[in-house]
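Per-chain numbering from 1; labels A, B and C assigned in written order.
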Amino acid sequence: MTAAVDRARELPRPAPGWLARVDMGKLLAHLSLLLLVALWTFPTAGLLISSLRDKDQLAVSGWWTALTTSVTQGVTRVGTAEMQIEEGGRFVIRGNLFGTDTNKAIESFGLSNAAPAAAAAGQSLPMADGGAITVAADGGFEWVSDAAFTHTRGPRVFYVANIAPRFTVDNYIEVLTAAGVGRSFINSFTVTIPATIIPILMAAFAAYALAWMRFPFRGPIVALVVGLLVVPLQMSLIPLLSLYNGIANAFGAEDGKTYLGIWLAHTAFGLPLAIYLLRNYMAGLPKEIMESARIDGASHFKIFTGMVLPLSFPALASFSIFQFLWVWNDLLVAMVFLGAQESKLVLTGKLVSLLGSRGNNWEILTAGAFITIVVPLIVFFSLQRYFVRGLLSGSVK
Amino acid sequence: MHKYLLAGVSVIAIALASGANAQDFKFPKGEGAFSWDALQTFADSHKGLEGQKLTIWGPWREGGDQEQFLTVLAYFTDATGIAVEYGSSENYEQQAQIDAAAGSPANVTILPQPGLLADMASKGYLVPLGDEARQFVLDNHAAGESFVSLGTYNDKNGNATFYAVPYKSDLKSLVWYSPDNFADAGYEVPQTFEDLQALTEKMVADGNTPWCIGLGSGGATGWPATDWVEDIMLRTQSPEDYDAWVSNDLKFNDPKIVEALELFGWFAKDDKKVAGGAAAVGTTDFRESPLGLFSVPPACFMHHQASFIPSFFPEGTVLGEDADFFYFPAFAGKDLGKPVLGAGTLATITKDSGAARAFIDFLGNPISNEIWMAQSGFLSTLKSANVETYGNDTLKGEGQILLQATTFRFDGSDLMPGAVGAGSFWTGMVDFVGGKSAREVADQIQASWDAIK
Amino acid sequence: MSDIVQQVVGAVFAIAIALGGAVAYFWGSNWLLDKVLGTGTRMSGREITRRDNLRSRIRPWLFLLPALLFLSVYLIYPVIETFRLSLFDKTGRTFIGFSNYFWALGDGNFQRSIVNNIVWLIVVPSFATAFGLVIAVLADRLWWGNIAKSLVFMPMAISFVGASVIWKFVYDYRAEGAEQIGLLNAVVTGLGLPPQAWITIPFWNSILLMVILIWIQTGFAMVILSAALRGIPEETLEAARIDGANDFQIFFGIMIPQIRGTIVVVWTTITIVVLKVFDIIFAMTNGQWDTEVLANLMFKWMFVNFDYGRGSTIAVIIMLAVLPIMIWNIRRANAEEGTR
């Protein structure tokens, strides 16, 4: 099974009898990963497709039906007497059952709930208000009568129609052009970037001390960090906000809701995980490197900045991703420590507010979810290249 | 770069910064049926506040009612010169509490739950409004007495004090239907509860499904059923019993309440009477359940829901034509008049200032009601507000039901303590439609009430 | 306008200050330490030893100080405050001793939450870690591994509101005969079985909620484990291959032992996430149909009922639940000490 070392570029070329040489292990790996990825992607794919659908269809049919032609039943009110025109002594009301919609095709139509498919497209049905109506496949209708129409309420026409697959970016346009979205993007970056960088710096030093230095209470401090991971965020909101307000009042400010406040809060909330992850990674670095450096007379400070930091890049990168994500997607901390005024609203807050007071507008949610996901994915991709194998082996040689 | 940044600046920030700019008015001053004189009187009596800042925290969010509220604020700013900063969030109730507890509340806090305000009052977070404001509500609001008691809570030391004024009401006792579907099937709008039950049975006999009921609402799943039960309580028991029930002087497992639960069960726990069968009631989202009225063929013929529900009707639905409402009728056989269940928001001062007092006064001015009435979804109980300003006939009709009510009662679940009204009552209703008996559920809810005493 | 510029400038400034401040602090304090307690050739041997010892005793604290300061103010202080509040009634003014704890023990919802939490604690960390590990290992050796990892990572990046909509479209239930818009019911009815109102079926609904968290957390496990796997020296793997080890032997014999520490860390972290999990339950069921868990219960008492006493009590209990994990981590840290 040495083929396991094969990289993609070394894959055996298809040659006569290649089937016999297909590496079963490799095939199995491909298949299992494919299955797992499919499982993980399916729900998200549903969200993506939903975000590209008409908002009226979201709650009516499954997202997978968006890909195929589906049949729908509907109803439209046709015009009142006001819309009639006289043509060659007859009275006509014209229009289209679908309005400006063009992806539907009438199969049949009718005049009551009891018989929504009384006639096929192109045929005519007599109307209660006089005359007869003809509906074409494209939804265009012509209601003709010899006598003038007098009805004041447009009668209903029922239809069975095929809907061709159609996608729209309207939902995205709606979100992106909403007033204040640009501002909330800037606000989110203002909150997120410092709140990602500051904890990493602090945690890296602390993690190094906890991993490689000898001092009393080391074990208990590690345990304390683990213990603090579990502190429910909600518990700290009121004490901390009171503290902020107290400080703000002492300086004569109105309240303690500032960017500085939220940076520091996110820093502190992210610290336990940062220290814990980084300490674990640093502790795993080969101790031979450290020892040889110590023997060469390097100080801890030098070892840390010169060797440990560069070697810990994969761990630093992965933590930055998570801290970035966490802060970027956070709503609670931002709302409490920054406030909900329009000028300070972060992107998540903006989206939630776009949902309306009663939380409907799923189309905005679906599109919004993808708009917010873009930035974290860019961060993920740009940091992923630091997960390179060989940093360590290179330094050992 | 500058251009790009400028595009990001919120419209609201501009609107508020430029304050007294006449172009911002939704309705030009001096035109229409609005009480412009009252606005002038208000402006004249609130001078010297120019340049002050006022922060308001409320439940209305963008895409919902925030725009309308901001149009109202524009007139306030114009009249007084006070700059207003309005904020809201998804969890506005929690945040109002957190801010109050931490010492950074808004000047004015507007909430739809009197129960929550009572809690805040008992912790000393609210500022008393005084006798004058109390008398004003008593004299100038329809059912003034009900609203005074809604805004009166015990303070830190247990003394009853007046804290909150009503602003914006919702009407709950409505049944929505499609007039066309009723006409096609030959059904008529019922005038009494007996008729309503007969109609329900007739629909079932015709092979139709009468009701769409959906209790789903994420974390608040169950609340639409509490409206049903409250409406039924008001139609089967006296208003005094209703009040006693809400304050738990009448136990939740009293036969009177169990009877009301069972009557709700008569509608909701019968597979033939609800779209999708009883199993779907608990999981169908309340926002989606009215859609059954408009589907082809109709999934149901009637939907019991408050006056806000048309915003969840399919796009293009014309009220009065495609959809209409009738009053959830009272029993002819019981002498309980025409009770009405409602809800609404109440405004309180959480950080005192001259501007905050002026704003509370402004909410009693007809113009603050009319500007919103003329737009959408706002029902006013303020007698001086001109009903001619209602934006459409549906609103006007709802306003009439509100003004004609012989008994007006506030949504009971909003008055009960949170652990019950926003907790065990909701979950109990879900259990009830899920198959538990009325008795069992009532006992369970009463037990949760006992646990917080 | 100008306030945006001010804000951006402020943020850039903050980053500069933070970076500069950190460098200045760490570099400066270390320099100062070396200066004040530095050793020179003219000092006596004892003095040099004394100073060396003192330096190495002080230096760790210089490294730790900023982090400890932050942890104390932002986390330890609230924990103490929480514990204090748990001994008071709902107003936070009247001392009632341990009454809230006795209340909790007798409360039906609390008992149910404990049982549910135990199931969550068993299921979610193990599955998320296992899937994360498998995906990390597989993705490492396939040419499209990075694409695969990005796709598995996506759920992690979706905000919670988005995730709840996604799963609404998976578990949605429509009555039999109606068109299903939930994926799960579409599959079930496609197989000719009746649709189910999934989130209302006790026990199974909890499992379905756990699936959501596993779906999210696998991305976390995968990224951390993947970084650790890349940390295994190529030489070690090469040597094993030359010795004729097969894939499974390499996986179980070399990879897992090499990254065991990281697996423990990932498992611990996800366990703690589970203890704190609240959004999923809040958005999907709010604890109804027997799906209640501790964190959601705490949130309810804290911010729906505004009973700070009981809310704090449940929070303290959640924090106590992590004690065994803490003790275990102390022992691990001490064991490492021995090898160093």
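Heads up, the rule we're going with is that contacts are C-beta pairs under 8 Å (C-beta built on N, C-alpha and C of every residue); 3 or more make two chains touch, one makes a residue touch a chain.
Since this is a predicted model, take the numbers as computed values, not measurements.
**Student:** Of all the chains, which has the CA centre nearest the overall CA centre?
**Tutor:** Closest chain centre to the overall C-alpha centroid: A.
**Student:** Need the most distant chain from chain B, centre defined as the mean of C-alpha atoms.
**Tutor:** C
**Student:** Go through A-C and A-B and name the pair with more C-beta contacts between its chains.
**Tutor:** Most C-beta pairs in contact, of the two: A-C.
**Student:** Centre to centre, by mean C-alpha position, how many angstrom separate chain B and chain C?
**Tutor:** The computed centroid separation for chain B versus chain C comes out at 40 Å.
**Student:** Would you mind pulling out the distance in Å between where the CA atoms of chain A average out and where those of chain C do?
**Tutor:** Distance between chain centres: 21 Å.
**Student:** So the centre of each chain is just the mean of its C-alpha atoms; given that, what is the distance between chain A and chain B in Å?
**Tutor:** Spacing between the chain centres: roughly 32 Å.
**Student:** So which stretches of chain B touch two or more other chains?
**Tutor:** 5, 8-9, 91, 98, 218 - these are the residues of chain B that touch more than one other chain.
**Student:** Which positions in chain A touch two or more other chains at once?
**Tutor:** As it turns out, chain A has residues touching two or more other chains at 59-60, 183, 186, 238, 331, 343, 352, 355.
**Student:** Which positions in chain C are in touch with at least two other chains?
**Tutor:** Chain C, residues with two or more chain partners: 4, 303.
**Student:** With touch defined as at the start, can you tell me which chain A residues reach chain C in the complex?
**Tutor:** Counting only chain A, the residues touching chain C are 1-2, 4-5, 7-8, 25, 29-30, 32-33, 36-37, 40-44, 46-47, 50, 59-64, 183, 186-187, 189-190, 193-194, 197-198, 201-203, 205-206, 208-210, 213-215, 218-236, 238-240, 243, 259-260, 263-265, 267-269, 271-273, 275-277, 280-281, 283-284, 287, 299-301, 304, 314-315, 317-318, 321-322, 325, 329, 331, 343, 348, 351-352, 355, 362, 365-366, 368-370, 372-373, 376-377, 380-381, 384, 387-393, 396.
**Student:** Spell out the part of chain C that touches chain A in their complex, as residue ranges.
**Tutor:** On the chain C side, the touching residues are 3-4, 7-8, 10-11, 14-15, 18-19, 22, 26-27, 30, 34, 56-57, 59-61, 63-64, 66-68, 70-71, 73-79, 81-82, 131, 134-135, 138-139, 141-143, 145-146, 148-163, 165-167, 169-170, 179-183, 186, 215, 218, 220, 223-224, 226-228, 230-235, 238, 241, 246-247, 250, 259, 261-262, 265, 268-269, 272, 275-276, 278, 295, 298-299, 302-303, 308, 311-312, 315, 318-319, 321-323, 325-327, 329-330, 333-334, 336-337, 340.
**Student:** What does chain B use to touch chain A in their complex?
**Tutor:** 4-5, 7-13, 57, 59-66, 85-91, 95, 98-99, 101-104, 180-181, 184-185, 218, 287-288, 291, 294-298, 308, 311-312, 314-315, 318, 321-322
**Student:** Would you tell me which residues of chain A are touching chain B in their complex?
**Tutor:** 55-56, 59-60, 73-75, 77, 112-114, 116, 153, 156, 158, 178-183, 185-186, 237-238, 241-242, 244-246, 249, 254-257, 331-332, 335-336, 339-343, 349, 352-361, 364
**Student:** In the complex of these two chains, what residues of chain B are touching chain C?
**Tutor:** 2, 5-6, 8-9, 91, 93-94, 97-98, 116, 119, 122-123, 218-222, 275-277, 279-280, 282-283, 299, 417-419, 422-423, 426-427, 430, 434, 451-452
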